[in-house]
């Protein structure tokens, strides 16, 4: 639908502007795409679970690590839809409460990484010279490190725990934001409207804050949406290796890690937490894809 | 060796070709053959990075060391007995300082060299000089120059002072061929580098293939000097140790008869596996004690009443439940098979009333503090026990922070009372049956080592421990240990928890599986094993 | 050209040094006692001190660092404290396995990703496109460790078609490594059954590892193809009567392959990194498993070694990709 | 006449570009010693083809890029080396109108915010006074008040250009530099804007530096015109005189090439194409004859085997500047980047291209990395690399061998 | 008049977009006789390029959609042709030259590859034997020589980026000649070129038309370019043809108010004293085009009728057709 000739399309956009249209367009683009809709639904679901988790779980007392060895490793049933784990806790309960942690961690890592990376990137992109060189070299260094290996080493060194896992992942995550915002800033600073602002006598900071940053924000939002999913996955990966949340905190990756020892007979223990990781990462990725469609100026042509 | 049946290759090839009709080709496979002899395949999760018997040991390493090397003596059976091996007999001088070993004359190294007194002397000297692995057992009592090869078949050891446990350690000191070692020495490294992946032993097996992290393949020595108990006809062709880290594939491998014996079965697996036809699950009372060591110097646990309270609040039944009943609660600080073990009458068992009572007596009558519980990263049982501890102490309003740490971090923390965690879960496998092995962890000299993490302080007990190891009168000695056991329970430097049963799974055609608790957790002795089918 | 390569290599050297610093810092922030690890659980104090001296752990940190770096220059990666083995030896043993795994995975990714991308682009916004889109996003979203476990359950435990884990059957006499890549070596040696066996063992882990890569290649290739197919020069080619297949397979695909190539370079590094998970699940004797087991044991020399090797690998891969760009894009060659 | 409002002497801009994997660094003289004088209230037109340096000249004059040589004086004050801070009051007095009004307006700012920005920066007005001032400015450029809350994409090209003009007028400048102000507009709108510009000048006594490739437009607007070729001014004089009686062969060729209404065919006065400033013909364009050798080349018999392949300048196909749909004129004005593109390493050209496309795939990171890396490798100022421009056709020039062999 | 080579009747094309349907072409009527040179002129968004592409069915469908009408080339309805026949048409009978030579050549393929592909593709479309690459290359070299490019052999081996803009456009023109077409559609062929190069390219096109007897449709926004190259001009506005006439008379006496405005807006290099005049207002939205005459909101002469009734193109003078209710034969702005 983006194949309308540019001349014709420019024509349309000109006439039909306005915030209302943009919202309608966004809704239309999302609604049009099954994938984006799915993403939205999944993300909404995860967010819902995270918000309501402790109040809707069937066995709230299982959250804090009760030991009911009499009920251990029960297959899925009406009482325990997803079965029970190795100490007799309801897996559904722990998965639901785990959503809160996963989401928090995903969002936390992403925002922290962006908070470090974006200012650095914009600075590098607009400053130039030795400052830029230093920032980018440093970024390159972190980018060339195998991320998961580095994170594992770090968590192993600092000791397992969700806090340390987050620190490790933030450390391997921020360079991506430097790269993205730097290049975006590089592109934007060549735009004539930046030159226009300079002609108006705007200071460097003003140009950064008022022109560069707002115009660089769209791809950042898309990246962040996708990164939340990837961060959830990364934390789960650390959890799987045994470097994630501390017991009794319910964490999806750690659950699979433990469940692995109970395969194949107690398959439900590994299958359900994995399914939730998959669905939430899928959700954020699809949503990111959808957001790109919305935020990409090219899609406005239609 | 060349006429091995390569049936598996063929079948796997077929599977890889995507022959959809070839359902489960692996299940049709029986034990491996080598010519008309059979190969026994054993699987466990732990690698064997270094084969050198004087450098290091752990269960998997020692299992291979035990197979390719011989010791002067050997542990067998349960309760463990020490039987003569390379030494046909030994004598102790009355002052308890001199031991004279007489070697069997017919033992030969794999390259044909005879196992003589010089080899024994060299081996002990090498171990002491390397000051690694087993060296700690005798280092404080035996100087290399005090080992003398009197003649070809006689070796004399002179200890600096009497040391009662001496004989119980000797089986772990393997004899290496000095000629081979010396021939492969580089820069005076005592052959360390070469010995990492090669053997110079006289044991029943010789090394065929050594792949530290995936597979070790040994062939039986046909004319082993000590013969083969199952008879030449049934003698195996060889023994393969296959390292499979994950338990699920390990189980699958046993089910599909890819392996014949597997170690590292969890109690939960046990029940599932028992139902598999053709699989035999065995479990034996263990020797490895699991304890939760308190920090007796710093923090709330420095207060003996707090320790007592926790010991009484602890849910011992949960521990048994975690092991599906395949564990035995400690009845004393010493594991049952230890010589001199006595059941201490008032071992704590779960009793919340008593727990609260003790807590009331402490400086923290209402709880309200948090304790760190540290276990080795990746170990499942201590984690679950931690969970049950957390659940149990909730009733005393004591919070538990379960922390998994890598081993070196734990040992580093254990080194000082200031950094030692409030509770540290520790498995201790005594290397011998002598009570000193267990008791000495509570001595002042053990402070700074991981098993001294409690920093337990009781000079009277320390004195008893020190005296007991030099005491040559067995009766007197045992009385001292009985007293030590009681005192330890009274001071409660740790929750003396349980001994988990040792579990193996095997195909039902495996014969003469010999258990001896003195071996480490999953370690087996491949020597008597054979396959009947 | 040569100066360019040299410059890149110099830059890579600088990065490697940075990596060394980084890993060294990480290895030393842990409050752990490597000597105690080296000595084993039963060791006494003197034994620990002995080892501390032997490993040079009693030296001040900066000295240790200098020593580590000088050793590295001589390609000495140090010794693992947990096993006492030389990390270099271990890496030489493990890396080919990882390399083989990654190469096969990458091949799968390319073999399926590119054609699927083309098909998807040609049916843009159609049902095929929607299915591939979900499929592609799934590839990125599927936790590799979980996916691996599921495949193990399905193909090894239940169907029994493929082996569960490992690189070869234990009974197979391994051949003397030529390249270290079993698939290649077995072919070189003309050992067909060994090749088939190796293939059956590598199939599942390679599939799991390739999936995200395949998905990403598919996504990039699709959108690049969509972009390329609507490019002016394609309109022109159509107007000039060039055949449709030729337009798709040559005119459009060649343009779409450039960004795909960049992805491959990036994914290569990512892949090396996620071997950590896949090798853990499939017990694949490679650097990933080596790194994880060492890290969990608190043994950092191997982790440092793996980080360096993987980082180096990533840099080399990117250099190759850059050079390939020059081959594909005439605009780069002109001079 | 009093002292000129703007005076530039010996103005030069030399870019150093290249120095990459694939080629050595080059020096490119975008502007090679230009003298201009602009009297108060006068309009000077600068004409020339793409790559001749006219837009670089505009930016030099405005001090948007630093000059490599020469002096610039504004209202008698030498501003060549004035630091940025001291320049600010001067900035109020000289403003720039861009070629493409769509790009010159920040897409995220409303018309009101865009016009108010210079006022805010210089603290001219705030609050209600500011609002009123903006409204007045908009009214001045002939836009109704309800435009205040609109975003640029809701306006037509002509309306956007009016907003740009309103913004430029906000600070009450004396000099307006107009860089192809109408080349992105349709002819019917162009006429409106030209009309309006004329009216403005009459009303406010502005001085115009008017840059265009469209000779007819320049002829309409300017009293004087300077013809630029290869970074130099080859002819300058009163418009009527230069266009009516061109002395320089290049001017003649230029004028002859323009298709006239109602006249079939055009004069193919010039053979070959404008030379690449990065690789100028051996004869420096200092003398009229040498500076426009194409006529000579056209006259001379073509060599039997011109080894043109050797002399084709091989820079990358596309300029690095701008966004997809820009047209020629725009590319003209981005001389800085265009020049860079002439000589930039292939790598950045490629990378930028990749980046652009990959942005859509969520893989921006890759490309950006490569982009930055390659631009560094190319030794380019970061600013010189922007995004890929498949459409922007600042094509490299080919200089025929025949021309080269001429005196 | 002989049978027209190309005939377009009541052709309506719409684009379906999010905002609604864009009525891009609204009832185009046009005929081109063999050998004729027709210029189509109009401002941005008037639909001239879309119209050009319609002739070869190059508009992507969807979003484009034919609402009504027919396009007949040599009597056959292009819109109804099966895909195979369309391919036979492309390049062989009708060739196109595009606006920006930089983007219409594949940057990664040599000129030779691109030309060979076109030649072989047309062989295949004709159903005859497909020439070998070497043979195709010979043909390509001849064509390059024919468009005035020196050393065609060496040029064939080069990539587009190694050529200048003018050379690229020549290459594109050569490619257009591959199938020996009878109709050449040039869509803004010189817009991306400098004025001196533009002159060369226009001269080349003129000579090709002359030498090969091509029929030419030249599309441009520049009246000057059109008037320099074409004998007849159609003026388009907002998707409709408002006037069609021989070039000279049209420029001298435009009949439609829009044509008048357009011509008056062009500054004349030779007559600086005549101030160009803009047309007030701006181009209407094609989403919701004005009723009746699409020009009426900007037209000084608009009446009630113009708002209601769509003016049809009618022949006012011999060879001159205009779509305006008010135009009369004696009408003239000056």
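In this document, chain identifiers A, B, C, D and E correspond to the written order of the chains, with residue numbering beginning at 1 in each.
The rule we apply is simple: a residue touches a chain if its C-beta (ideal position, glycine included) is under 8 Å from a C-beta of that chain, and two chains touch if they have at least 3 such contacts.
Keep in mind that what you see is a predicted model, and the values were worked out from it rather than measured.
Asker: Please give the intersection of the contact partners of chain C with those of chain D.
Answerer: Chains in contact with chain C as well as chain D: A, E.
Asker: Remove chain D in your head; which chains still hang together?
Answerer: one piece
Asker: Going by the touch criterion at the top, tell me which pair is linked by more C-beta contacts: C-E or D-E.
Answerer: D-E
Asker: With centres defined by CA atoms only, which chain is the most remote from chain B?
Answerer: E
Asker: With chain centres set to the mean of the C-alpha atoms, which chain is at the far end from chain A?
Answerer: It is E whose centre lies farthest from that of chain A.
Asker: Taking each chain's centre as its mean C-alpha position, how far apart are chain B and chain D in Å?
Answerer: Using C-alpha averages as centres, the distance is 82 Å.
Asker: Need the CA-centroid distance for the pair chain A / chain C, whole Å please.
Answerer: Roughly 23 Å, centre to centre.
Asker: Rounded to a whole Å, what is the gap between the Cα centroids of chain A and chain E?
Answerer: So the centroids are 49 Å from each other.
Asker: Could you put a whole-Å number on the gap between the CA centroids of chain A and chain D?
Answerer: 43
Asker: Quick one: which residues in chain C touch 2 or more of the other chains?
Answerer: 30, 32, 149, 152, 157, 230-232, 258, 280-281, 295-296, 298, 329, 331, 334
Asker: In chain E, what residues contact two or more other chains?
Answerer: 44, 60, 100, 103, 107, 161-162, 283, in rising order.
Asker: Would you pick out the residues of chain D that each touch at least 2 other chains?
Answerer: 156, 314-317, 360, 362, 365, 367, 390-391
Asker: Which residues of chain C touch chain A once you look at their complex with the stated criterion?
Answerer: 14-15, 18-19, 22-23, 26-27, 29-30, 32, 125, 130, 133-134, 137-138, 140-147, 149-150, 152-153, 157-158, 230, 269-270, 272-274, 276-277, 280-281, 288, 291-292, 295-296, 298, 300, 303-304, 306-307, 310-311, 314-315
Asker: What residues of chain E sit close enough to touch chain C in their complex?
Answerer: Residues 53, 56, 58, 60, 87-88, 90-92, 95-96, 98, 100, 103-110, 113-114, 117-118, 120-122, 124-125, 159, 161-162, 172, 175-176, 178-179 of chain E touch chain C in their complex.
Asker: What residues of chain A sit close enough to touch chain B in their complex?
Answerer: Its residues touching chain B are 65-67, 69-70, 72-73, 86-87, 156, 159-161, 242-243, 246-248, 258, 260-266.
Asker: Give the list of chain D residues in touch with chain A in this complex.
Answerer: The touching residues are 62, 64, 87-88, 91-92, 94-96, 98-100, 103-108, 117-118, 121-122, 150-151, 153-156, 164, 167-168, 171, 321, 324-325, 337, 355, 359-360, 362, 364-365, 367-369, 371-373, 376, 381-383, 385-387.
Asker: Using the touch rule from the top, collect the residues of chain C that touch chain E in their complex.
Answerer: Touching chain E from chain C are residues 230-244, 246, 250-251, 254-255, 258, 328-331, 334.
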